[in-house]
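Note that subunit A is present in both complexes that follow, paired respectively with subunit B and with subunit C.
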Partner chain A sequence: MQAIPSYDSAPPLDLPVRFFMAAWLWLLLLAGAWHGTADGSYPSPGLWLPLHLLALGVLGNVMLGALLQLLAVVSALGFPRPAIWRYGLWGSWQIGCVALFSAFAGGLDAFWLQLASLAFAVAGGMLAWLWWLLWRSPAQDSSSRGLRWALGFLLLTLGLGIAQLGVLGWGQPWPLLTLLPLHRLAAQGWVWLLLVAVAQVILPMFLLTPALPGWWQRWAAPGWGGLLLLAGALSLRWPDGGWWWLAALPLPLLALVWWRALRQGRRPQEWLPGYWRLALGLLLALCVAFVAGQWLDGAVLRRLQGWLLLGGVALTLCVGMLYRIVPFLLWLQLRRGVKPQQKVPSLQVLLPEARARRGWQLLCLWQLAGVLWCLWPALWWLPAISGSLLAAALLVHYRAAWLRWRQGTQPVVKAEVASG
Partner chain B sequence: MTLTRCFTQVHRACDDQFVAVENALRDGDWPQVVASCDAFCQAMTQHFAEEENVLFPAFEQATGMSQGPTVVMRHEHAEMRQLMDEMCSAAATLDGDALAGAADTLLLLMQQHNLKEENILYPMCDRVGDMNALLAELGHEPA
Partner chain C sequence: MSPRDLRGLVPPEPMEIILDAVDAATSGQRLSFVLPHFPGPLLPMLRDRMVRFDSEMLPDMSGVIFHVDIP
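Let's look at the complex of A and B:
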């Protein structure tokens, strides 16, 4: 039986926003976690801490908050009981983050590792439910199909991460050194497939580009997902075969598709293409780093690959998205709370574009700092400072938007009280 | 031609007219701004009327869902009409900032609305019945 679209059960404002606020807090705390990377060793808890703060705390929260919102629009998923997601997913995700980061900061203490495994198991259960809801959605478009793939890889990433916590925290006799690279591969799959699916919607929607090519829409997610699974399977069978390059094969195609779309965008006055162009430049640099990695096996290249993926492409697009969708969510909330004849401030008033451009400049600084850290880990204070500046700017910008949003709602409340 | 394809083309045509407004505004060509704004709002209003007066009632009758997605779509139409009014007022008073602000806001509302229709509502319409007669009634060319 076909599910009924639930547009009247869209997530309330506070559901995505609490994920975004948590992401900001983790971005701020990330600044204090870089000092452990000064010796440049990997794998080490000193590097795992900032890596997971960035991947789970910052990116994970932004992506999950945006995903819930996106699924309501693209795939007509309803969230009639938002408290379940508020406490079940958001709550367990934050508890898992606190526990995992405490474990990495405190010498892999078993209590924190066990708590992290339990919290992420709950989050995994919630995401598995979301995946099932997405399967039942009446949407058959390429973005919804791509989001199914992306969520599948997120579940795989979580499962492999929890298995490693089982080894370190619960003493399970599982092969940690086999699980670690598979976990890394699945995490790449989650990030890339999410970006692929989201770009199919966002580029035509916000930048008024033509739709991405049909072959790309049809085959990008299953093709890339298949390559990721193949790379994992071959690496299990022949561990020394170096099959990881298979997962990076579609990167140049992705860069080409995005480049062509951006070139045909019809809103040149917009600030958002700047974020996409920066992400595209970082993506091209990542392609070069992957190719170089086939011949050169250096710690610098491995750091660079990780940075360009997480701190580079993914964070750049996440911050750009925040500047675009948060004012819109605030506007929607205002619009739905006022009487039809009342005027609601535009997005430009809620969050002027000059602030989004300032965010972009700080992101460029962050990228420079990150690349320098990849080359010389002793310069760990550079990403720490630039990350703090970015977090401070986001706080100032969103506080101003929130204050403007509150101004917009006050007269209506007074009017309602007066009429009541 | 399916209804999904036909009405998606209408959405893209409206996008083109929206771009014409923004381009004229960027060039500071106010007569063109006013003309483009009028043309855009007229095209949107006609499309809304086709949906509200013909498509949505047909969908509600075929599915029995009178309190379902069409209610949300009608509500979003009302929100977009208000923003289009703001755009036209701003164009008439040559207020570039107000026009750019209303257009930027409308774009997001319009695009997320289009996504809902193109991904879910139109394909559902195509599945519940033959839309060729409906398209012919609206003056769109069925295949």
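Let's look at the complex of A and C:
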């Protein structure tokens, strides 16, 4: 059965937006986390702190907010009691982040590790419930199927992460060195499969590209998910076999599919394709880094792979998509509230195009800073400064959009009061 | 009358055009638009206006024709 996208069941505006705003706050705080990477050691708690701040605090929040919105709109999942998600998922996620980052910053203190494991267990429980709801949903479109896979890998990532917290914080005798690479692999699955599912909706809708090829829509998520699981299983059986390349196998295909779609976009002069082109360039660089990783081994290359995935492709697409989606959600909320003939501010008024272009420039600066840090970790202050500039710009831009949105609703309320 | 092609416009421009046209239309009128995909976000707002709508796929599958009937 094909589900019709339904905005009737969309969650209240503040549910996804609180995740997005938390993400930019974490991006600002990330500036204070880079100094521990100056010695270039890999892996190390000094590196885990900015890595998890970026992955959980920034990307995790954006992706969870986007996931809730997308599940409602694409897969017709209802959120009849949003407070459960507002406090249960959002709250436990932020507490987990605070506790985990405190643990990494404070020498793996057991209290913080235990608190993080409990908070993420609550978040994991809620996401497992969401996954169950999604399985029960009649939606069988390719995006919904992709979201099932992505959410499954998020649960796997969380489970493996909590197991590591069990070792470090609760003294459980589990094999940390086996759990760590599997956790990394599952996290890649969550990021890539979510991007694949989201792109299937976003590219045709906002970049006016043709629909992505049918074979890609049908097979990308199960194929890639299967490869990730296979890589994990083979690595468990033969730990020194270096099977991680299996998980990176679809990357060039992903780059090709996105590139072809972008070439056929109807509005190439718009600002949003610029974000996708940047992400595509970073994706190609990541492919090269993965190929090089088969012959060369070294901390620089591993840092580069991590950076290009998280700070590169994923963050670029998150920032770009939110510059489009947040004003669209604000506009939609305003448009629904007004009476016929009443005008609402346009997207351009809510969040001017110049700001999205400024965000892109700051993102380019962030990419340059990140690559330089990968090569020379002593330059940790470069991503710290460029990241805080980017975060400050994002917070200022979204605050201005929110203020404009509030102005837009006021005349309607006054008119209704007057007529009542 | 041939349907108005809105495929080259970025959301929410097509929605604004359709809603403005619906608000300006007279009773019994049928409005038709060509869109790149089914306009999910528009439906609650059309329901609020008590209008009926239906859609059909273009023969080359490059979009949908969306019809709105003003009661």
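What we mean here is this: the second predicted complex is superposed on the first by the 412 of 420 C-alpha atoms of A that agree within 3 Å, B and C clash if a C-alpha of one lies under 4 Å from a C-alpha of the other, contacts with A are read in each partner's own complex, and residues count from 1 in each chain.
Keep this in mind: a residue touches a chain if its C-beta (ideal position, glycine included) is under 8 Å from a C-beta of that chain, and two chains touch if they have at least 3 such contacts.
The structure displayed is predicted, hence computed values, not measured ones.
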{"item": "First (subunit B), second (subunit C), both or neither touched by A:V73", "value": "both"}
{"item": "First (subunit B), second (subunit C), both or neither touched by A:M205", "value": "both"}
{"item": "First, second, both or neither for A:R267, with subunit B first and subunit C second", "value": "both"}
{"item": "Partner chain(s) touched by A:V349 [first = subunit B, second = subunit C, both, neither]", "value": "first"}
{"item": "Most subunit A residues touched (candidates subunit B, subunit C)", "value": "B"}
{"item": "Subunit B versus subunit C as contact partner of A:W93, first or second or both or neither", "value": "neither"}
{"item": "Partner chain(s) touched by A:P138 [first = subunit B, second = subunit C, both, neither]", "value": "first"}
{"item": "Touching partner for A:R335 - first (subunit B), second (subunit C), both, neither", "value": "both"}
{"item": "Interface residues of subunit A shared between complexes with subunit B and subunit C", "value": "4-5, 7-8, 73, 205-206, 208, 266-267, 328, 331-332, 335, 340, 346-347"}
{"item": "Touching residues on subunit B, where the partner in the complex is subunit A", "value": "15, 18-19, 22, 26, 65, 68-69, 71-73, 78-79, 82, 86, 97-98, 100-102, 104-105, 107-109, 111-112, 115-116, 118-121, 123-124"}
{"item": "Subunit C residues touching subunit A - in the complex, by the definition given at the top", "value": "7-8, 10-12, 15-16, 19, 23, 36-38, 40-41, 43-45, 48-49, 62"}
{"item": "Residue numbers on subunit A that touch subunit B, as the complex places them", "value": "4-5, 7-8, 73-76, 138-141, 143-144, 201, 205-206, 208, 266-267, 269, 324, 328, 331-332, 335, 340, 343, 346-349"}
{"item": "Complex contact set, residues of subunit A against subunit C", "value": "4-8, 73, 204-206, 208, 210-211, 266-267, 270, 328, 331-332, 335-336, 340-341, 346-347"}
